[in-house]
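Note that chain A is present in both complexes that follow, paired respectively with chain B and with chain C.
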Partner chain A sequence: MSVTASPAFLWNVERGEAEAAELWDAITEQQLADWEAEWIPELFKALQRLRRAGVPRQAWPQSRHWDWRKKTAALTGMLAHPSFSIVCRGLTQGMMIVDNTTKRGRLADQAGKNLVYVEYVENAPWNRKELFDPPRYRGIGSLLMRAAIEASRHEGFKGRIGLHSLPQADAFYAKTCGMTDLGVDPDPNYSPMHYFEMTQEQAEAFVAKGGKS
Partner chain B sequence: MAAKRTMTLNLTDAEMRALEELCEKKDLNKTALLRQALRLYQLVEARIEKGEKLFFEDDKTKEKAEVMML
Partner chain C sequence: MRIEVTKDWCVRMAELEADEEIGVGLVAVDPVFDGESLAQSEEPAVAFGRFVSLMRRNRGLSVEKLADEADVDVVELLSIEEVAQYKPEVRTVYQLANFFALPRATLLQVAGLTLPKDSRIIEESVRFAARSEPVEALTKEERSALETFVSVLSEDKDKDHSLG
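Take a look at the complex of A and B:
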């Protein structure tokens, strides 16, 4: 598999400075091995802490059931489902799979127009402030959203993107990304998740501010 | 970004007209539209090969009609 790595930066929270990272236009065996050997053990430890602290199960990260190996295997080679990852210090910090073919816009101004739909996006457990306080790196979500916008532009979709948000991430998509919240999706396959959409103008604004909150 | 290769495509007037109409409707250029067509075709083929079926459903009546792929 040929992978293109683009230079990027993450914010190292402990040091209080930017650190060089790479955005890969793929999820490779290296990412899946990181997920199995690094992410999952850290996630289990974090869940144990939440349980011992009495945090209700509904407030645990919903993505804890995601199996990136299965997801990736099902979509490998499919042009409609490109994937992305972020690597820093040789370790995978975030992963994303998008759909650039089958989804259409719902906002009135872009109803029926093609967009890039973010199917799955996840940070490494140590970068999630609800699990690790303080998190190790910040900026992963923004970098991946920027990658989704670029993928949309590459397809001729002008930056339009859409996604269903897990409840913990609603504020990130609404405030940091400036996306429009279309509310709870009535489709029982997605409910009670909110559906968010980004217009061309919102994409331009997000990129212009450097994807920062 | 992955390297790209160029190809020449010969279309009849009717095919070109259909392509241009779709480009207008979807607000995409010809390359982007044909890329979309390829992605969709590959996706549909892969799912049919796995034993799935492709249906159109009438939004009002909920009647389903299977799309037969050759």
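Take a look at the complex of A and C:
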């Protein structure tokens, strides 16, 4: 598999300066290895810390397992779709998987038109403020959204994007990305997630927000 | 697909994005406890308990002390050392790997919690378990602990008889 690595930058929070990174147009074995060896243990430790903060140790569900298998199987099951990742200091900092064939627009202005549907976006645990404060890097979400817009343009979809946001990420997609919130999806499989859509104009506005690109 | 972005664009967008959450899709949901485990090996992890026991004794730690220092449950640690068929918690293996400074993925294989990627690990595990089976006589402390425990068991046995 040939991978194109585009130069990019992330904001190093601790140092207060931009740091060179790469935007890859793939999720490779390297990303999956990082996921298994770096993300999962860090996520586990962070979630455990949170649990400990408010729950006495005796009350932890010691005899039960975390559902890593479901998450891992779901992730690898989606890898037939186009994917993107961000690498900085040799480590995967964020991942995205998209579907550019099966989904259509729901907004009245673009109902039925092709779009790039973002299946999955996740930040490395150490870049998530609710898990690690302060987080290590900022800007992963914006770079991945930019990649989704460019993928949409590449397909001739003019920047149209659709996605189901996690409840805690609604603000990012509504405000920072300027997408239209179509509310809770009536499909119970997605409840309570909101469905967001980006139009061609919103995509242009998003890219313009960062100044000259 | 090459994507052209400038440093200024990245910095400006990172500033706007700040510390917002960005997760999308069901797969991005953080895992929860659900009673399921990883794809496990069907083979009993014969070497894992022995290995943990020797690593612990090599550092001069009691089971209780290791449980405390590695932040794992003492009952589970005892089960690991004493019951070959016992499947430990993933978290516990991670904690022990961290404590002993060993690769987590490899230790998960030795513990039988993930399917072995390298058959050599399993062969070496079996060899290790066979070689590390104690053959020497009991130490003074072991004999003392054993005799004390036997005497407690004997008391219970006498009690059973007297009740019966």
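Odds and ends about this structure:
Here is the rule we go by: the second predicted complex is superposed on the first by the 184 of 213 C-alpha atoms of A that agree within 3 Å, B and C clash if a C-alpha of one lies under 4 Å from a C-alpha of the other, contacts with A are read in each partner's own complex, and residues count from 1 in each chain.
Assume a contact is a pair of C-beta atoms (placed from the backbone, for glycine too) under 8 Å apart; a residue touches a chain by one contact, two chains touch by 3 or more.
Keep in mind it's a predicted model, so treat the numbers as computed, not measured.
Once the two complexes are overlaid on the shared chain, A:H154 sits against chain B and chain C alike. Of the two partner chains placed by the overlay, only chain B lies in contact with A:T102; chain C stays clear of it. Of the two partner chains placed by the overlay, only chain C lies in contact with A:V118; chain B stays clear of it.
Of the two partner chains, neither chain B nor chain C is touched by A:L91.
In the superposition on chain A, no contact is made by A:A174 with either chain B or chain C. Legend: residue contacts after superposition of the two complexes on their common chain; A:T4 is shown touching both chain B and chain C. Counting residues of chain A touched by each partner, chain B versus chain C, the larger count belongs to C. In the superposition on chain A, contact of A:K209 is made with chain C only, not with chain B. Legend: residue contacts after superposition of the two complexes on their common chain; A:S142 is shown touching chain C, with no touch to chain B.
In the overlay built on the shared chain, the residue A:M78 is in contact with chain B and with chain C. According to the touch criterion, the shared surface of chain A, contacted by chain B in one complex and chain C in the other, consists of residues 4, 25, 78, 154. By the touch criterion given at the top, residues 1-2, 26-29, 31-33, 35-36, 38-40, 42-43, 46 of chain B touch chain A in their complex. For chain A in complex with chain B, the touching residues are 2, 4, 25, 78-80, 100-102, 113-114, 154-157. The part of chain C that touches chain A in the complex is made up of residues 1-39, 73, 76, 89-91, 94, 104-105. Across the complex, chain C is touched by residues 4, 6-11, 18, 23, 25, 36-37, 41, 43-45, 47-48, 61-71, 74-75, 78, 94, 96-97, 118-123, 128-130, 135, 138-144, 146-147, 150-151, 154, 163-166, 168-169, 171-173, 176, 189-190, 193, 209-213 of chain A.
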